[in-house]
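Next come two complexes, and both contain chain A; in the first it sits with chain B, in the second with chain C.
The block that comes next holds the complex of A and B.
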């Protein structure tokens, strides 16, 4: 597909500069050596290679990276960040892109991942820590794949790694306050 | 009978790893004339050399065979060893059992062994017939000719002149300065090109040791190292430079406008002109081809307005003949004419597709737009500028297959200049590789990227016009996707090629050219400023594409060579040159035209044969300064009157016998 660079840049200059400031990374620093892609443990499942995500940003493309599966599949293992010869924190850049995508409701490509984040945060909000069984059940219920990871759950359960009842932190109210604070910050933006 | 010593070198494992050197030495001991033979790990080393000297003394050797590497590498070394051993330097013969044997026959050790023995047998046969040879000396004319007044010629001229030697600087344009003064800024420091080159031009003009010939060309060069004679033809300027004050009234009033070469066609000059305001000399010439007086017989405006009556329509070209001892060739480069072949970029039909050098003039404060970057078509400021690298370079199909070396850096510079001068400008650079191998170069390129130049890896396949815009279609091979840019201005980094007329210059000066037409250095690594013609040196982009730092460095290198040569009163010449047996010479002179160095000439001798009266006849004679000992005359001589010393017929036939019988 032909990319028109002139229109791309015109439409997304603000987006690129937002991504740069939010991630603290200078996108032009990348010289496309490809070491990030070469070392990425998840690249086999990605639709855009990690170096292509940053390349598209360099050329001023907004939709392609934001709609990609890649930003959701990134496991934030930071292998790319550790190895980058130009000190670009690509993992952080991916995080920023996920944030933007979520704010814009573009979670289509990474629907399950976004849902997992949501369920995980719900658990944290309620108990102050993650309740694995609850998170797993809820995620399976809402994705409709009820038996997903069932075998893993049994093993964990037998070894006492899966608590049936959630344990709560003492100051749940404090947690709630933090969540409220964050919501205010996000609104203020 | 000769007492020959054979010394077989292992050259570490280069030779010793393939053949059995001790066995070669043992077998050599049985060859006729061999009084002593031995092998050693590194004969060229200090202990190796001493081994030879000691053997010569102990075994009273009078000829030496060294079976080792190429004579091009170490023949000179071993000649010096012989001198130290008390023998004539030319009594050594080398058998090249490295390049000619072990390096190329490493896979067939047994046959390599046999070949090495054969090569040594050949060398022994020749060595037994070697004669002592003696060098002669020629005087040196202490004056240097420099051809080309660009930055290379200027630098070489200043260095030679500062060392106290006289310099003749010949430049074919009306001013010195070359391509460098056309540039705006120089990478990677962005200092102004004029600020660093025009003071050097003035220094040349004012230097007591430099004589400047502008608007002049070398017409003929004869002679040899230390003793050249040059003929310089200076074109008629039709302006008496002794009277002219350079006031500028003439070129203001001249009614005839011509596209300016100095502005690469982007601006205009008059028919009487100086190429640019800081020209050296700062006095005009009349371009006869365009001058209204010369074309129509009427006008004479310049003569009427000239306050010093300096215009002289009757002036004729001048011929100067000078003797010089050394020559520096610094004829610089030209640019590949992309418009002939790049149909996909519009064959030069789109005025807003320009070359890098044209961009230099656009961005130059002294250029046709006063330093404003404006589109040639409509004079508007371009908002999107596309740069395309490797236009003609690394393009075997359309241009040349080498890398032009300067384009990556000047394109980065141009990108920075657009971003600096046009607020909000978009800059795209299409490239295949970014080659920034110089001090501070990679950093400079990264700076251009950081300032906002978008580099796209891929070639542009097509430029076409869409209304007032140019659509540039290329590919981003990093993404693997075709891309398109709407551009206002496209700048092509066209290939560097030898200056116009370089082939003629090479023929004139007796310099070889490489397959791309650049002048050939004597050795790519160890003799980079010398040519195969003694006393002729190279500086700058005439030898290969080169940026300013490298050009200046090479020019200073050539100057050092010249000063080294001119500091000597006498030069010794190789004795391994042609010798004429005048008794046998019939005076047919078949040899004269075959000599590539023009070293042979007829001369008269008088001879008295028994029973005949004294008579005069013509025979050929060899100029020892010119003869390089190539042997072409030897081969063509029907009477067998010419032989090359060190390669006599007797010696060569002995070698053939040793190999074939």
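The block that comes next holds the complex of A and C.
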């Protein structure tokens, strides 16, 4: 099979320039010192090290970062951002990669995290607020781990720390409008 | 002092005692809190991980409502909410395209004049002698590991508060109570935040490392300023013990609870009876050592 190199280059250039404009970061600024990886608290569980994610972007690779577990394990602690000698906001870059991966339906490597984000936002969209109990139950139901954290929920409940019924904002239509209009804006991009 | 108050979702539920102790403390210090009318979720990690615009817009709705309230500053106890609100404010000031899109969907007037301040920042800025004069129950030589987590101090370009690697503000507040803040290495190491729900095995390793570092430094208890940190370090401590065969038992409180105790506020008013690892034996031990 012939590889259409010029298309591949064009696509990857477009991808990198999109990531740069959406994140406000200049990927070429990174000189691969590795400080981000050295300080990352979650690197032990990652398939790509943080500095490798940037290197792959510099080289125009698209699938490897977007399909990685790494982008879903990043907890946005911003240790990398804080320490980067080149002022690259890597935490923000990870956000952009998660945004793109979700838009393209590539959440397989982080499906539980993506699902958590989804059920969390369903709650916010419906009530205007996060209903912790409902989010936990839905996440358990959809991951099939029905009893996850039920010991914690029980203690929270007994100690009056579990809000059983969701609290709702008055102007819930306003929240729905924010979600709806942003989805339309992003679909139109 | 008068503030718009943004407690957020957790402080109305599993982090109720952070809200209770914040209100108790502020009322004693003459800090007036007016909750933002019809406040909504800041979006938390889920929103900014899903869509940058959504993350900013959900936060900005609350800032706009705070501006309409007519106060200059919003006070935010939760580190995660604080970080979202302060990030959104910065993004609105620096990114005209995002600003335009967000203003269109939020539908409220937003000038960007409102200041976002964390509770820790506000309390740490108070006069030390003034605070010291309030202490009626000195906490003996209780040894306290102050845990700041990530979002109050990182990245400094966003938070502009304290030192991102060696913060001291909470340590200074703890010292006022008579307790001894410890020098230790994990003050700003991440607890895993929402990974506790979605990827617990990863979070448990981080939690274990933090708790063990605190114990190794000789801590009788740990204090924090974030509902995610508190619930990971306290509630999930039993899960750490199950996963690693350890028998850790370190009380994890909000810094407001510790200050409140020293100010003579009752344990129930501070919600001290609702934590997973009961801090009361350690607190009694702390006072007993001095006596």
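The definition used in the following text is that the second predicted complex is superposed on the first by the 178 of 189 C-alpha atoms of A that agree within 3 Å, B and C clash if a C-alpha of one lies under 4 Å from a C-alpha of the other, contacts with A are read in each partner's own complex, and residues count from 1 in each chain.
Here is the rule we use: contacts are C-beta pairs under 8 Å (C-beta built on N, C-alpha and C of every residue); 3 or more make two chains touch, one makes a residue touch a chain.
From a predicted model like this one, the values you see are computed outputs, not experimental measurements.
Enquirer: Tell me the contact category for A:59 with respect to chain B and chain C: first, second, both or neither.
Expert: first
Enquirer: Can A:96 be said to touch chain B (first), chain C (second), both, or neither?
Expert: A:96 contacts chain C only, not chain B.
Enquirer: Between chain B and chain C, whom does A:67 touch in the aligned arrangement: first, second, both, or neither?
Expert: neither
Enquirer: Which chain, chain B or chain C, is in touch with more residues of chain A?
Expert: C
Enquirer: So in the superposed three-chain picture, is A:107 touching just chain B, just chain C, both, or none of them (first/second/both/neither)?
Expert: Neither chain B nor chain C is touched by A:107.
Enquirer: Quick one: classify A:182 as touching chain B (first), chain C (second), both or neither.
Expert: After superposition on chain A, A:182 lies in contact with chain C alone.
Enquirer: Shared contact residues on chain A for chain B and chain C?
Expert: On chain A, no residue contacts both chain B in one structure and chain C in the other.
Enquirer: Please name which positions on chain C make contact with chain A in the complex.
Expert: Residue positions touching the partner: 9-10, 12-17, 38-41, 43-55, 57-58, 61, 95, 101, 104-107, 150-151, 154-158, 164-165, 188-190, 192-195, 197-200, 202, 205-206, 231, 235-236, 238, 273-274, 276.
Enquirer: So in the complex, which bits of chain B are touching chain A?
Expert: 384, 426, 428, 446, 449-450, 452, 454, 456-457, 473, 476, 478-479, 481-486
Enquirer: For a test of understanding, state which residues of chain A touch chain C in their complex under the given definition.
Expert: So the residues of chain A in touch with chain C come to 22, 24, 41-42, 44-45, 72-73, 75-79, 81-82, 89, 91, 95-96, 98-99, 102, 112-113, 115-118, 120-121, 124, 128-133, 135-136, 139, 148-149, 151-152, 155-156, 159-163, 167, 169-171, 174-175, 177-179, 181-182, 185-186.
Enquirer: For the complex, give me every residue of chain A touching chain B.
Expert: 1-6, 9, 26, 28-29, 31-32, 51-52, 55-56, 58-59
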